[in-house]
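Chain IDs A, B and C follow the sequence of writing; residue 1 opens each chain.
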Amino acid sequence: MRIAIVGAGPAGIAAARILIKYEVSIDVYDQYPQAGGQYWRHRKGESFPDTRFETLTNHSKISWFFDCSVWQIESEKDGYSIHAIKDGKQISNQYDSLLVASGAVERSLPVPGWTLPGVMTAGALQSLIKGQGVVPGNRIVIAGSGPFLFPVIETLQKTLRLSNSTKAEIVGIFEARRLSRWWRNSYGLILNPDKALEALRFLRYLRKNKLKVNSGRIISKVQESKTKTAKEIQITSFKREKLVKGAKDEYLECDLIAMSYGFTPDLTIPSILNLKTVNRFSDEIVLIDSNQRTSKLGIWAAGEITGIGGHELAIREGEIAAFDIVGKANSLASAIRKLDRWRKRIFADGLARIYKVSDRWFEWSAEDVIVCRCEEVSRDEILSSFTELGADSVRTSKLFTRAGMGMCQGRLCHRNVQDMARLFGSENTKTNRPIGGAVTLGELSD
Amino acid sequence: MKHFKFEGDEIPFNEGESIASALLRAGIWQFRESRKSQQPRSLFCGIGHCYDCMVVINENINQRACLLEAREGLSIKRQRGVN
Amino acid sequence: MRTEVVIVGAGIVGAMCAYYINRSGLKAIVIDRGTVASGTTGAGEGNIMVSDKSPGPELELALKSREMWFEVADDVGNEFELVAKGGLAVSRGDAASLFKLSEQQSGAGVMTQKVGPKEIQELEPYISKAIINGVHYPQDAQCQPMLAAAHILRQLQRNDLNFIGHQEVIEIERIAQSLVVRTSDLEIHCGYVINAAGTWAGDIARIAGSDLPIMPRRGFILVTAPLPKYVNHKVYDSDYVDNVASSDAELQTSTVIEGTQSGTILIGASRERIGFDRTISVPVIQRLARQATSLFPVLANAQLLRVYNGFRPYSPDHLPVIGADSKIPGLFHCAGHEGAGIGLSAASGKLIAQLIQGETPIVDPAPFSPGRFQLVYQ
């Protein structure tokens, strides 16, 4: 059996580790130069961050296709053809089964001034520190919402403490939600004591390092500061899904702002396969059954694209998919993992309930704000396409405004425009991205 | 120390480092100008998704600085719109 | 509800019908099973061309329609990137048939200019040096068709026209002297129904108790990343004209390349009779890419951002169907424009309005008559 895994992150790697024990050939495709995805990002030459999977990168049964852009996958009579670009050349390979594990992208919310240099996602800062060894700022602010802020804070703080020469410091941490919301995940915490301990450890780490988290506060504006080399941010109180304007606004000088509002599935590969998706906590996710099978025969999905849940859950899903691919869905090993998947899913859903971003975030800002960064389309232009021009879906809004038509093809803004479309009753908010990866006309011509 | 050129200046880089990383390390934040309103843009997502970090490398436009490894002798410029 | 005219279809043809019906003083309601530009208009390039048509009724309609497009833009405001950028038909080798066509077109009122290698390089500095002969057509124009349909309808809604989306037509019945159009939510009494449902016009005709042989012809368009202005005109090789006229079911491709206001470059064109299959075809994309880089070598480094397909509505003789249904009084058709719908829409809308009002039509309507395909029962 020829199997292709698209995505060399936790889910894909975990599946590969199970599959190598069987009579199958495994090809793994990834757009980055090494395995690990986002979660196990590491510097070139460093050993693989998780010892459980270290030996896979050299395994004789796995062919790794790195720096590879999968731009199309075609259904054949008895399987699938992956069309990709590697080293500027086209490659096409046929498979019986596919596992799609293409991961998540960070969710960013537009804020006036968010396009200024110096503003980046929390994941960008994480990858600069972990992947490149650079902290490009002196007065660093971390803001947004969600559990991802904590590992980023910890990575940053550890790096700052280790370096003797730096005068860099974290000057502000702003989390939109309050800690008291964690009661919404009580059941999840009870079932996952390891997660509860991890959370307590984080809180202790913050206290020990005198890092104060300002809860119920968000960045409502970013602008150039008077000194021009730095930024000034406006911090506003956030309560009951609304900004509490005016009263307790603060201003802070900084030069690096890392913002994150959690993650959302990257639906590019599911889109070229035309897999059925459903809505879960306002995220579009790939529909799967208990064995991670998708709406198409011979295609499995695992990891963040079936619902944001973190790397341990992704590992379990990858393993469960692998067992089913080789016909071992009814084994004890699979059953144990399904139980673990169940309790991890409860925890992840609890997190979604705590940190869910309001569908009406675009009402937070009094100012008009850029929503599509690539094509510089403002929130008001997008709303007008619905109210004035008769747009009834993300697709038609895109045709009228160009939001989502630029270089990133909606990877950053589609999720946000989906919320706006839903306000107007649109049911058709499905991601439609016909080209799966970077490819040039010249590469297609030979 | 190896170098590449950015807007005519020599920028040092570490082996295996991305172009974006080297530029940020050197204190250079503005990588390009947006097409419609010429706004300054820089690295945003860091993982090759957002295309905000595009620079011109040896006359080739739309090169994502966060993904590409720095190499000796590259001639890199800010991308202004599509140029 | 009660009105004088119901227009089925809110694509560019429906929008233009609505425009001229409204301007002629009749009350109208536009309905669509989706929203504005949900069908082929949403997959169009925005071609308003006279250069790709041989002398005949379609060219005559196209010439009039081209002028009317600019009148409409003057009237409602040019919010849809309408620009007379001109077309360039090129030939790599023997240009005899291309030149002959251009002479015939010139005789029929088209502005043409034969060009050799030097002029071609001036008109298109990035075109392949292997291109030695061509014809420049200054009248060819382009627009953004979805915005055009949306803005025209929006303007008309300020002038007493209703547009109601998400109305699938279930029944069209003749009762006494009027027609009744029934959708899931509405029941509309009217004097006239204009079937502007494009590739689905056959379905609407059938629902009304008539028939219309409109079939889909799939086309793909490649969209590049925003690029410097590498292409100034709509540039196409002379195979394009032959393909348009062909009835082959097999895949036919020709090279059509043009830029847009947003900087992206659109690449076509393909024609296949493959029903309503929306699957992305890798061989078509590869072929179109190869053709494009062969004509404009600079495009080799251009990133392909997006691909989309649409279904051109074609009739057996490749001419649109404009006029009164031969069986159902009050039912008019304005559909089957194949790949020229955007360009022909203005004159088609005007013609329909004139036919309904009994005015002298701008062109001889006989070649477009629905009756030419319909069996008439005595």
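Following the convention adopted for this analysis, a contact is a pair of C-beta atoms (placed from the backbone, for glycine too) under 8 Å apart; a residue touches a chain by one contact, two chains touch by 3 or more.
Nothing here was measured: the structure is a model prediction, and the numbers come from that model.
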{"item": "Chain contact topology (line, ring, star, complete or other)", "value": "complete"}
{"item": "Contact-richer chain pair [A-B vs B-C]", "value": "A-B"}
{"item": "Inter-chain centre distance, chain A versus chain C - centres from mean C-alpha coordinates, in Å", "value": "41"}
{"item": "Inter-centroid spacing, chain B versus chain A (mean Cα positions, whole Å)", "value": "24"}
{"item": "Mean-CA-position distance for chain C and chain B (Å)", "value": "43"}
{"item": "Multi-chain contact sites of chain B, meaning residues that touch two or more partners", "value": "35, 62"}
{"item": "Two or more partner chains touched - positions in chain A", "value": "375, 406-407"}
{"item": "Chain C: positions in contact with at least two other chains", "value": "225-226, 301, 303"}
{"item": "Residue ranges of chain A touching chain B (in the complex, touch as defined)", "value": "31-32, 38, 43-45, 105-106, 108, 115-121, 123-128, 131-134, 136, 266, 373-376, 406-408, 411-412"}
{"item": "Sites on chain B touched by chain A in the complex", "value": "14, 16-18, 21, 24-25, 29-31, 34-37, 39-52, 54, 62, 66-67"}
{"item": "Chain B residues touching chain C - in the complex, by the definition given at the top", "value": "35, 60-62, 81-83"}
{"item": "Complex contact set, residues of chain A against chain C", "value": "71-72, 74-75, 81, 83, 272, 375, 388-393, 396, 399-400, 402, 405-407, 409, 433-435, 438-442, 444-445"}
{"item": "Chain C - residues contacting chain B, complex", "value": "225-228, 263, 301, 303"}
